[in-house]
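One chain, chain A, appears in both complexes that follow, with chain B as partner in the first and chain C in the second.
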Partner chain A sequence: MSAITKFAAPPQDIPEFETEFAAARSKSRRTWLIGSALFIVLFFFSTWLTDFFKITQVSMPDGSREWRWIIPAGIPRLGEYIAKTIPVLRWDTLDADMAEWFWRWKTWMKLLLETVLIAFMATSLGVVGGFILSFPAAGNLTPNKTVYWITRRYLELARTVPELVWALIFVFCFSVGPLAGVLAIGLHATGALGKLYSEVNENIDMRPLDGIKAAGGTWFDRIRYGVVPQVLPNIISYTLLRFEINVRASSIIGYVGAGGLGQEFRTAMSFQEYTDLSALFVIIFVTVVIIDYGSEKLRHRVIGLGVKS
Partner chain B sequence: MPSTLTLTSVSRHFGETRAVDSVSLSIEPGQFVGVIGRSGAGKSTLLRLINRLVDPSSGTISFEGRDITALKGKALREWRQDCAMIFQQFNLVERLDVLTNVLIGRIADHGFLSSMAMHFSDEERAMAIQALDRFGLVPQALQRAGTLSGGQQQRVAIAKALVQNPKIMLADEPIASLDPMNATLVMDGLNLINKNDGITVLVNLHTLDTARAYCDRIIAMRDGQIFFDGTAAELTDVVVRDIYGIAGLEGFNEAVTSTQKFAVSA
Partner chain C sequence: MSISDEDIRAAKGRVPLAFRDPPAVLWRKRLLWLAFLGLFAWCIYDFNITPERIWTGLGRLGRVLSFMFPPYIWKSWAEFSEILNGLGETLAIAFLGTLLGAVIAFPLSFLGAKNINRLSFLRHGVRRSYDLIRAFETLILALIFIRAFGLGPLPGVLAIAVSEVGTFAKLFSEALENTSEKPVDGVRASGGSRMQQIRFAISPTVNPVILSILLYNFESNVRSGTILGIVGAGGIGFLLSDRISAYRWNEAWSIIFLIIAMVYVIDWLSGLIRARLIGKAEGAR
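Now for the complex of A and B:
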């Protein structure tokens, strides 16, 4: 009891606290109100801009025209499109039906291999470029502001331009084929990985670097001994994730002539071979699932290594 | 005296604050010097100035007649190798094994490629193992540094400092994060390399009785300036009150802040 009376606030402190508390609460309410109002305005402005709530005329099954909200009116057409791409498969003639569905499988397998190799090569380029540039691009490690500024802007340029646009440029430079795809995805991956790696670098414990500097280490020694061991598990994890993303990218990049399965999408669409589209989709889906699964296993092992003593 | 470390009106400002304010000091070879003072008195900055982790705003530091403040590049890195430093938080690379952490002490002698490849010679490895053996840490040599206890990590840091073949050892609050038992082991380790290897030791301490127990000479800092410089015997209660600005605290007792129970009772 005596302890409580000893530490009790003097009586004038309590009303002071009350007013401060009321002020803090009304300030946080005001912030909330302004924030919500801004969000609502922005939300409705963008729905108006994107026709999200547009009411449009649609034909009904009995031939009459009715006013309907565009989204429920359009969804059945999605089903229509998908239905067109689904092949006819009967149990008693399954072999023949499957053979017809995947009739171009020889070409597709070759292109699938090309797709995965483009992704592999592009990831390798992206890792080398991103890894080297991630150190000067990290605010806590960069040797000076000019180098930091230049590498940051370069990485931004590399990743803000989509792979498809880089591919268009490189197809123009190096002609149609997988080389353009490798360079396009590799460049974009350099930008994306460099950014991610540099953020990992910025979150490290800086104290070991002091320890290395104090022993007479150079900037490169600090990176090699102090930074790399700390960031390696994250770098491997991001690299595998990027490989998955690059497989998806390389499977559409052929659409502009930069190699891989994408060119088949274009052919199938222009010849209105709808079942080819579903066959290609199945191939890519299965590939991506397998690669995702494998790289996830690998990633967990890498992270597990970090946990193990 | 040729191999004296001399500071001549050295200052370091961080913005408005004068962390170290025209400090002049000379330290003879083989001395065990303790630096005391309250937090923010400039003890850490003083040590960091000496091995140039921090550059002085003005003043000069010299060693064996050489101007340390003017060193650059390779010469600067060799100077840092000559005055090894250990830290309150050990500053080891936790994800590297203990042996490699000790070998980092050899890094100033390596070229770019052998350093990047983490390639060390057999002699260097033997040196590292011998240094670890002095602190009974050979069984842990291949463990990750992060798995060791704080006391063990600090002894690894001393082993790393030893393979630098230093002339001076700077220790920035080496026992502030350790329990009394480990603190004693680390201070005894520093004492050993001072007495056996003849390495000058300059150590920041925040407990007075540790300073009294180990140091030949005690320097007290206050507001970036040297406030007291003398032996433990000269450090009277009145001086201590002034150093820490605790005039109002009547019941001040050194034993309350002590981490040196073992050393003192022994």
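Now for the complex of A and C:
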């Protein structure tokens, strides 16, 4: 009953609420308008920079030339190109067709092994570098501010520059071959892993370290017996994840001459061996799937062990 | 009371396993290390890595690094505007690629979410196709698109868009699955149709998450957009690989520093936008 009487006589603050509501409403509408205007400006600026709405001349089926938007004009060419890469496989002569599709399998298997080994070696280098640098780069473990600043900047430089750019530089320095690829991917992995490891280090329990300090341990003792046992499961898990990423990276790094299967992509493209491209793609896809699957199994085991102990 | 060496030895005799792994574990560890070192050594042999090669390489690397100082500064506007145009192109590639990928992936993501698409065989099929799209490297896609659309930034946009479709569709559908059922029940109880349930119950809770994914992937695409130019798909990477192959190292280093600065600015800006738009709504997940 009392509620009804309350509504029957509107309180004084309703008009006040109405004005506040209107103000908030118009403010949010204004923000929305400004945001959309900014978005539209950005959109058209970037379409202008990237020739997204370019009108180009295309040949029509009857031989005449017409002006068309580039994207629908390019799609048939894309379809043609993809159709060319698909091999002819007949059921009766499957063996011969497969043999023709994978005709360079001996070279490819060798290069595939090289690809995986590049990833392995680069991951090892990245783990060593990232592991050592992750302690001075962690805010709670660093010996002093200068070392912290230098290692942080170094790790940022190493991971912001893409692997392919490092590879271009190292191919010049160490000549063409897998060594350049190992160093390029290893350097990038150092930057990426160093950051992840240092974040793990920042989230540890500091009490074991205090205990070791109280017992007279040095900085190295504290790291070795206080930090490492805590972070090891996480580090192994990140390392395996990085190995997967590095396998993908090392499969394309050959494009600039740094070893691995990537160089075959370049050869196949320039010799117009279209079916080779699909064969290479199948090889890399299968390898990546197998490695992802294996490392996922290993990772789950490692994390499981970490939880148990 | 202090512990002497005698005490430690006695304790070791009494409970050896407290000080050392059991023999089986110990041997397994040793074998793993041996296998690792053996493989590493074999790699060094197979890749023909000799101290001599490393030494000459380091010498050259030192020379290349020495071009970092003093940093090269572009004198004329004509030169510098080329570099600025390259940086702008990279940003535009990342922006348009992310946008296009998201626009295509958004409707697809509903097919992959458990709480929206109830047909499990269709859902699994759609999810596998996302995985297949993600298996294509952006660089390989760029090479394919260059064949169809010619050199320039457009193939870069399309390459990033296609590879992002797979990533976004997966991430969006996971975000959709992480929403609460309660708002959906509320809308259904007041008589809302299936579309209205999605529009008024699911969409408000997932929008902040989607926005955060978009910003994060935009950052990562700015990074990957810098390398697309190496294969000819536009952006700053083209200028960089051009300078490197002409051995103009001082200019190359300046471009690398500009790329790093650009990545910093983008990370900072997207951090600001994220904090402003999503900051408080993070709990909505």
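One rule holds in what follows: the second predicted complex is superposed on the first by the 219 of 309 C-alpha atoms of A that agree within 3 Å, B and C clash if a C-alpha of one lies under 4 Å from a C-alpha of the other, contacts with A are read in each partner's own complex, and residues count from 1 in each chain.
What we mean here is this: contacts are C-beta pairs under 8 Å (C-beta built on N, C-alpha and C of every residue); 3 or more make two chains touch, one makes a residue touch a chain.
Please read all numbers here as calculations on a predicted model, not as lab measurements.
Q: Between chain B and chain C, whom does A:220 touch in the aligned arrangement: first, second, both, or neither?
A: In the superposition, A:220 touches chain B alone.
Q: Go through the superposed model and pick first if A:229 touches only chain B, second if only chain C, both, or neither.
A: first
Q: If you stack the two complexes on chain A, which partner ends up touching A:43: first (chain B), second (chain C), both, or neither?
A: second
Q: In the superposed arrangement, which partner chain does A:241 touch: chain B (first), chain C (second), both, or neither?
A: neither
Q: What's your read, chain B or chain C touching more residues of chain A?
A: Result: the larger residue contact count on chain A belongs to C.
Q: Tell me which partner A:176 touches in the superposition: chain B (first), chain C (second), both or neither.
A: The answer is neither, since A:176 touches no partner chain.
Q: Can you list the residues of chain A that meet both chain B and chain C?
A: Correct list for chain A: none, the interfaces share no residue.
Q: Contact residues on chain B for chain A in the complex?
A: 51, 53, 77-81, 84-85, 87, 89-96, 100, 104-105, 107-108, 110, 112, 115-116, 118, 143-144, 147, 157, 160-161, 164
Q: What residues on chain A touch chain C, complex-wise?
A: Interface residues on chain A, with respect to chain C: 42-43, 45-47, 49-52, 54, 70-71, 74-75, 77-78, 81-82, 114, 117, 120-121, 124, 156-157, 160-162, 164-165, 168-170, 172-175, 177-179, 182, 248, 251-252, 255-256, 259, 265, 269, 281, 285, 288-289.
Q: If you look only at chain C, which of its residues touch chain A in the complex?
A: Residues in contact with chain A: 36, 39-40, 43, 46-49, 53-54, 57-58, 60-61, 64, 85, 88-89, 91-93, 95-96, 99, 135-137, 139-140, 143-145, 147-149, 152-154, 156-157, 223-224, 226-227, 230-231, 234, 237, 240-241, 244-245, 247, 256, 259-260, 263.
Q: Which of the residues in chain A end up touching chain B in this complex?
A: The touching residues are 205, 207-208, 210-218, 220-221, 224-226, 229-230, 232, 306, 309.
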